[in-house]
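Two complexes come next, and they have one chain in common, subunit A, joined by subunit B in the first and subunit C in the second.
This part shows the complex of A and B:
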């Protein structure tokens, strides 16, 4: 048997083994969590009773799940506002920099990546005095948390959009659209955004995932979000807390699968593959060229 | 309205537009990319802007398109100053160096895009897009996407897309440079055919002199943001106005000589100078490879000179041989394929006596 080539694709068996191992890493904790949610407190056997109790709490036990419903609601509102910040501030800024001010590209990248290098706890210490002002202007409603979370999500939203921009010739396509009679808004709406669907959707889903998983800022700014409510509930009912945690994980997993699907499909229904090497393209019959002449 | 000629079906665009660039200046951070560039293009004319990298040819085209704002000067299309008109209202068609088909649209939708911007009805759009695609012989690929086509096909679709709106001026920014040699030759001939049949005023930017000389009615050789010489391909090649043009257009041998009263004496041969205003003195003459011939040893004459073959190249219809002269000067000689030489052969050469461009030798 010949030695395996460096850089060659793994064999079918190797791929299967890798898939199973990686799959187990993901599945085992999820399965364990699921199994835990089915356990009966202090008794043997399994039941969906904890799932039922979320919607029909037992008044005798005095359980109150309203904080988590309120937390989910708050988190969803923060999601919507954070996504709006990404779409209405970050995306136009990135397009503007790419089209008109490319010299600012590095600065923008630095600013957007910066939050990932600063621990949340450090950020939140800085936010506290800022939020005293924010509260004075906008009040202290949970949605104001979106301003802080909008900073946290910058690295996650920036990267897929930047990768998408680099994947096609944004400037030339815009100029082509403009030369064909499109105004700036039309060129962006009809040509640029459709080609950025992948990056934009990835940015949105990652933003949603980050917002739903954010705990530190909400906790330190004393807001009730999904994560803070989860912690609260876990102190009184670990089964229900685990059900919500499991649901959040599965939701994030589904989002990632959807991002992956969007990334794979190209217009025309073909799955994206490596570009065909030049010279192998289909050719039309052509006349013999005249000898080239070069400048002395 | 369709033409009766078999291939193109877009209607002929009248006599084309007159394009004028008058003293156009474009500065980037104090550096002049265009230095009072003036150029008048006649209706229906095909003008190539030719020059080395950084000479300002692409900047000139982009200024004409409206993709660059000029610092000073005027740009007129049919007598109307368009310098302040945004690109989307200039009514120009443009084909770019990079592949520029919209990846999310089919070929048909790409070609219809400009018509949609002009609010042409759906049925008219479909008809005109089909006609434009027939013109470039790609109507059978109308449902394909850009990534499903070769580079040459993409540029032909881009040409159809640029022409379908019947623009006043067609601008081509090195549209062939990303293609391989065979497709390049084929497509440039197709561009010239379509341009002639539509009668559209066309500006073609290229750094490939062969391309420029092959397709253009007139070629403007650019240098340092200005036009060094503009003329027909024959004029540029046979009577270059400056040493730069002589050196840039075609292949030239640089041979030392002396200029006296409009005649350059090179190695004993008397060659008329193209520029009669050049002052007497030592000059560097630009002698074309086809203006040097091999002479059999038996029939030498005064003015002939000898050398040793250094290398020889077969170029299909002709052969080019490099000869090292006695004083170590290297000259290139173009000759028929029947004449064959080997490395180290002793040969005798003669200048044909055609006029030459020359530049004074400094110091």
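This part shows the complex of A and C:
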């Protein structure tokens, strides 16, 4: 590589220096979290005692971890219902728009991206009265949160599915299936959905990540979810709260690495080259304009 | 949505003429005309189409019902309530007097705090994030490095919240790893003027921490849009790398960069969980909203949370408006 470099690419050294420095800075807080979970209260030295205490709580201390298990359980139930909303309400609507009313694509996109512009803390002001009505109909069980969370999730679910639809010729394939005599349900089940596996799976994973990370709405509607339970537990046992937080971060990271690998290597390898209009969208259909949800 | 459709179905827009013609044709020829063509893609369809076989068009329309109802109930209504509630007194009479809440000293301070934290963290995040994007140029998009960076960025940018607060307490809290290290090595106490993390300005640190990954996610596509041919053309014409950056790459990237800055700002401005886990009192607008929702403390003003929500939304709408303008400009170079 003695030729002078042209274009925007960095030199090897520059790349390594930047990535290593930034990487280290970003690892510090996470490493600190891990180190914290190993500390002993009031003493020096390290041990895994706090990890053990999750499953065998010390009765003398009287710490009760049941809120966090309950919170995780509630969050998982909300996950399932939110995923159901995405699959049974959003996905069919997107297909309907694509197949029958393409001119509404813009409107649908606008509606789906809209929740990004409205901070969840603002929506919460409106959810408080709305949920008084919801409670009258469905009761105030934690799963009802899924309706509100489903809105927060819309941009995250919409993006990967929309990117996927762009990447294959939905209309032509469907027309081909129909003209060969397939009924609509057959065309959808055997032609459309198999082609949308990637987008749908990304949407589901992102939905799961967003639901597990949701704090704002749950806290204002006084529901016990994973995040609110974390904060609650941290007041009595910050070690255990940190263990759960770190585990959740690692879990989400692994989940997203899997989406990434899944997107890169298609299992079955039937369609190797997906058409990428303009070649600009990220490989993982990451929700590009993504403010607000991060820490909300 | 429903009302807009009717004239449009009568005269389809140019782009979709061919395909909709084809679709209509194939649907008519289809061997099973009993299923209205538009019904199938909408399993959520409420089933109002049974019985007397209505016209196909109207049946397909019903497919929008579940989604439309859902969005109206849980997005439109709450958003309208949130904003409108600020204009009503406790008795339900319309008033503009509540807007005076926005001039209350604590609220003004909260807006200032929010703006300060968001602007600083957005700028820092944008610069560091852009550097990371630069470092990632030329790596394979499908490669392991990029997969890991993308995944880590998504987690930190969108999943952090309460958990990042814990991470920073463990890092620069009173007994944080970095705090102790700085104290032992340099005799420097970051918490000398009260706990750094529990002040409004201290929020800049965690906020920057989740702004950088968001920058990586949003700015990388623009960086990758830099065409190799531009660099070659510049080099052929005798440009140095410095000239290439200042005369070509930077002007091309500028709209995308500033667009991302706005996005980072909007993200920091509206985030709540990290701050809620760190600060018990106000200091930024989302926390002030929380305070007003739980106990209205501004004298003589009802529904003050609604007023603050309105203020926040106005700022967000302005930001997102400029964002979309810049985005459109940036998209020019990405074709």
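Throughout what follows, the second predicted complex is superposed on the first by the 237 of 296 C-alpha atoms of A that agree within 3 Å, B and C clash if a C-alpha of one lies under 4 Å from a C-alpha of the other, contacts with A are read in each partner's own complex, and residues count from 1 in each chain.
Throughout what follows, contacts are C-beta pairs under 8 Å (C-beta built on N, C-alpha and C of every residue); 3 or more make two chains touch, one makes a residue touch a chain.
Being a predicted model, the structure only gives us computed values, none of them experimental.
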- Considering only touches as defined above, state whether A:119 meets subunit B (first), subunit C (second), both or neither. second
- Task: Check the residue A:169 against both partner chains and state whether it touches subunit B (first), subunit C (second), both, or neither.
- Result: first
- Message: Once chain A of both complexes is superposed, is A:135 in touch with subunit B (first), subunit C (second), both, or neither?
- Response: neither
- Which partner does A:40 contact after superposing on A: first (subunit B), second (subunit C), both, neither? neither
- For A:195, is the partner it touches subunit B (first), subunit C (second), both, or none of the two (neither)? first
- Query: Of subunit B and subunit C, which one touches more residues of subunit A?
  - Reply: C
- Kindly classify A:260 by the partners it touches after superposition: subunit B alone (first), subunit C alone (second), both, or neither? second
- Task: May I ask you to decide whether A:8 touches subunit B, subunit C, both, or neither, giving the answer as first, second, both or neither?
- Result: second
- Task: Tell me which partner A:185 touches in the superposition: subunit B (first), subunit C (second), both or neither.
- Result: second
- Both subunit B and subunit C touch subunit A; at which residues? 175, 178-179, 181, 183, 278, 281-284, 286-287, 289-296
- Quick one: in the complex, what on subunit A touches subunit B? 168-169, 172-173, 175-183, 186, 190-191, 194-195, 266-268, 270, 278-279, 281-284, 286-287, 289-296
- Of all residues in subunit B, those that touch subunit A in their complex: 65, 67, 86-89, 92-94, 96, 98-100, 102-106, 113-114, 117-118, 144-145, 147-148, 150-152, 158, 161-162, 165, 171, 180-186, 189, 209-210, 214, 247-254, 315-318, 332
- Message: Show me the residue ranges of subunit A that touch subunit C in the complex, using the header's touch definition.
- Response: 4-10, 14-15, 18-19, 22, 26, 28-33, 35-36, 85, 88-90, 92-93, 95-96, 99-104, 107, 111, 114-130, 147-148, 150-151, 154, 156, 171, 175, 178-179, 181, 183-185, 187-188, 209-210, 212-213, 215-216, 219-220, 227, 230-231, 234, 238, 241-242, 245-246, 248-249, 252-253, 256-257, 259-261, 264, 278, 280-284, 286-296
